[in-house]
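Note that the chains take the letters A, B, C and D in the order they are written out, and that residue 1 is the start of every chain.
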């Protein structure tokens, strides 16, 4: 039987996943003559044994397509998996042993796991349980993985937010309004701050810097005092008021529905309560993680996919493909999951934002 | 003194207003040698006598820019105008007489008023009070003016919504979710239904057809029954439940803030309460009315602007430039304000939507 | 056996064809329960008997995709078809009789033919030979079919050209250059003139108006005289110099290669020879007919597809779906092929262009 | 008198220049209270003493705008400057002494020069002549400056090319054609290779790797042999045939006109002469360097602008702002002009391209 590798995509989807799948498939088959097995819906497909053969024909047209052709699943934690019982009830089981058995049956030369910190930590546990032939590709639109300068999907999210901000500028100015845009980022403000810089926003609130409402209001007054009677406010969903204790508002079952009315609405309410200014709110939601990747992410996805295959070929298991200082490198998986990469409140990006007058609220 | 015309933009802004201003300016000056006076912030500028000279140089670069270089104002109702008193209090006055006096001082050969139904009805009152040399250009992203097949700004809003829907498709499918998108349209569902058709949505709820929640849920079950486990739902902000009495939720002072949590949130709550499906909500808000116009609106704005100058040149006052059956025509202003153009629940657009399986809920 | 209809796409491809295929499939199956047979590569597939079954699953994701999933073929003239002989030589045969026989074998309740004037005239001949159950959907990015106000693909081409022009504006101005953009349009200038209006071009040369080079140069001098030292020139590929006898330059075998160096290059050479101005040329080529359709074309394609199925259901064979005065109607096929719809040099569009100072050269 | 700095933009324009101007202005004024003088049209404005005051109001709306609000000029070599004599003749003079005198008159605390290798080498000569208070910001869409990982404008060019390639894919496939796209890059293939990777091209020809026509043709045959009957070919304008001696075709006076019919046309001719395949050519030209910058370049431009002001504040004259290993650093100007940064034929990017089957022709 010919050599065979596997690939799965886990966690929240993002633009560029299909580019990784395509590059892995083309490189593995054309350069090494390996077969490539796609495992559907993250680790769920490993448990359920749902596989698809990947080849040049199945990955055609895939590069510009958003989402992941393999499917993903937030629920697919193999160590706490919702198993449907014959009587219809759902129980949470540890199904990792069966996953390991299925993995052994597949007899893979290597398994490429594309995912964020959740998926990477599952991978690490599997490695500890003996499934050592795993390499990773880091992916999250939040760009908050310590292991790599850039994750696949981040730049596309920023392009989408910046286009939205650009549209808000003209209507904000025509009507002399304050426009609040809530963007993704529960723990890290990379999307918010990068978009604020690139979008010409005036206020930007991120999880890493607790904001003082008075400083935010002061920023509007300063602008109005100069005769500029509109402002754009970018708020990460995880932005927190100083001493406020406000955390991310979630529904009872957050996998079923994430309530609106989070950070963006709170800021709008505060402005509305304390000033005369008209304010309007936009919640971009999942359009930030859907659709066609920008060129930057298509290139990055392709390079990560090729690198992952190289890691398998070199036997560098237990590592993720990463980009560091502009160069593709391999990093131990535990580096990718250990801690989040947050914005440094004293770093260059924050200093640049302050340098051009963006109010960060703290 | 040379002949002079005036132009103002009123009501909510939308992509294409600057294209009208540019075309009016270029045509009036180059073809007729007229001066062009821009009146700032709708009728407010007429009251406050805020004017700007418009010429080839001031309208350069204007065609692709969103918003309106003249500014607009929702508050500028000259018949109920918020006047600031010396002691700081604000009183509502009828300032129409002073506006008429200022208009007379300007000694305009014609006044071109660009706006929606509010602005048009003010214009009609001024005409009745003797300011007869007025022509109109219809504008609203809602496309709900009886006088014209298309209004400036509508097609751009549709392009923006369709791009957002396209991004939601891939993430909805990857995660098997129901994605709810709330779009503009309080009384008319043109943006919602056109975007649903062009965006490949599966459910579309519009003000003209009260929806039965059971029919909406049935649509999801039908799709899931066929093995398609995701859906896109487009909801106009004015969508109403059958017998529900739900109206548009507004804040205490709707000009200060329009609360989130309207039609889109209600649908999401309903789905979340009655099904197992995961649901996510996006509220596009003002990105639908901001930013650069699409080519269709740039062309339409240019043709409307040239036509409006022609109406002045021909002395066809009291009319708006309109497009009817693909041709530019003049329609009496009262036609533009009399009643809203709503979607016909038995018309071709609705039949087309139903023909390809879009659930309209009623 | 269940009722069955067929669909083929012929002639040059354009954005929106897949939208027609999708709407035909969804409407025919869901509303009427008909099977839908896709015939591959235009009439070539009818000769070669290459068919594909179309259903909800095969047309999923199709709406935003450019091109045609059925393939097309410029060479597929069934009345002069390049038949490959056993010895490798190619002979031109009339294969219409075999096409008719294959069509009879398919036993279709109706055949929907999507195409431009070539495809429509083949259809008409088949009807005359007895294959009467044909209805058409007009398609051409050139928008030059007499039968309909809009053809599928046109508006997308205009959006693409306008985006290109917008990019040229800033670099033209920064460097004080004349930028020439050659766009599609051999016989009709719809793309060129609409894009010039929507893109803010300064000179526009179209096949319907032979241009006088001196008038073109005069336009540059006028602008420079006013201190504006850059210009954007849009040239349809079929633009002709007054008395010049210049026709479209074609390669020996135009199906193999269309040489560059046509109308755009000739204008650039002329400017370069007779003035001091720097000039640069862009040939947009096939990016005008590829890729994802704009929302306008997605909607139009969907409405045309549904209408075509309705025509079959009503037995209105020998007609094409068309849009006239903003309404979907049926027109006899011969109306669609009789003569091209050209721009009226005295019509509203030309007057609008001249009104805002666009030089048309004649 | 208050402290004052100056800024000029030289060489070919590109998206992002306005972002640098805006960031320099905002940071210098708000953080340091310095005045900012804009020098028009590169070094030409220094000779002609054409200045403009820059402040928060003049740089408003500037971030998304393409080109440079200061103007640029390819001819503005102060060491060989085309001086117009009273009799109308033009003579080439060294005007550097007068430039230095004018610079002294301006009494600048620092001069920020934004440009490519030409502009940087002029700056270096001025420094040698005593105008030491100069710092630079590297800019070129070609990304070929040794000093920095990324130059402002490059990523936007790639996004534009990738969008064009995406449009060509569908029409190429529908018609089974070979599509040739000529992109910028005379000496370096960064735009071509990055776009080929991100655009899913099948052949990519760059100046750094001379191509063997037989290998290119072989790539088409391989694809056709697998049943894939279309291909996308990206050609840098400086691509050279192995042993061919073909250089970039230029007009007699290349500043007046760059002839079409360069690298892209030569490849198309070669394919057309030696195969049966249909081929079409697109020359993207200056749309690659015009128009609104992508978010990546807006962010980079802002960071470079702030950094340049910091260099002035720190007295780090004779340096350029650069990005190295993802971090903003200062590099000596001579590093930026010494030699071009070319693609390494044995490097990771080329290996990645080959890994997924892109034919590089050598």
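Please note the rule applied: a residue touches a chain if its C-beta (ideal position, glycine included) is under 8 Å from a C-beta of that chain, and two chains touch if they have at least 3 such contacts.
Bear in mind that the values here come from a model prediction, so they are computed numbers and not experimental data.
Trainee: Shared touching chains for chain C and chain D?
Mentor: Under the touch definition, chain C and chain D have no mutual neighbours whatsoever.
Trainee: Greatest Cα-centroid separation from chain C: which chain?
Mentor: Farthest by centroid: A.
Trainee: Between chain A and chain B, tell me the centre distance in angstrom, where each centre is the average of that chain's C-alpha atoms.
Mentor: So the centre of chain A lies 35 Å away from the centre of chain B.
Trainee: Cα centroid separation between chain A and chain D, in whole Å?
Mentor: One centre to the other, that is 31 Å.
Trainee: Round to the nearest whole Å and give the separation of the Cα centres of chain A and chain C.
Mentor: Taking the mean C-alpha position of each chain, the two centres sit 41 Å apart.
Trainee: Would you pick out the residues of chain B that each touch at least 2 other chains?
Mentor: Within chain B, residues 166, 169 contact more than one other chain.
Trainee: Enumerate the contact residues on chain B facing chain A in the complex.
Mentor: Of all residues in chain B, those touching chain A are 12-13, 15, 17, 65-68, 71-74, 160, 163-164, 166-176, 179, 251, 255-258, 260-261, 265, 268-269, 272, 276-287, 289-292.
Trainee: Which residues, counting only chain D, touch chain A once they are in their complex?
Mentor: 22-23, 26-27, 30-31, 56, 60-61, 63-64, 149, 155, 158-159, 161-162, 166, 169, 194-195, 197-200, 226, 228, 294-296, 298-299, 302-303, 305-307, 309, 324-328, 348-349, 351-352, 355-357
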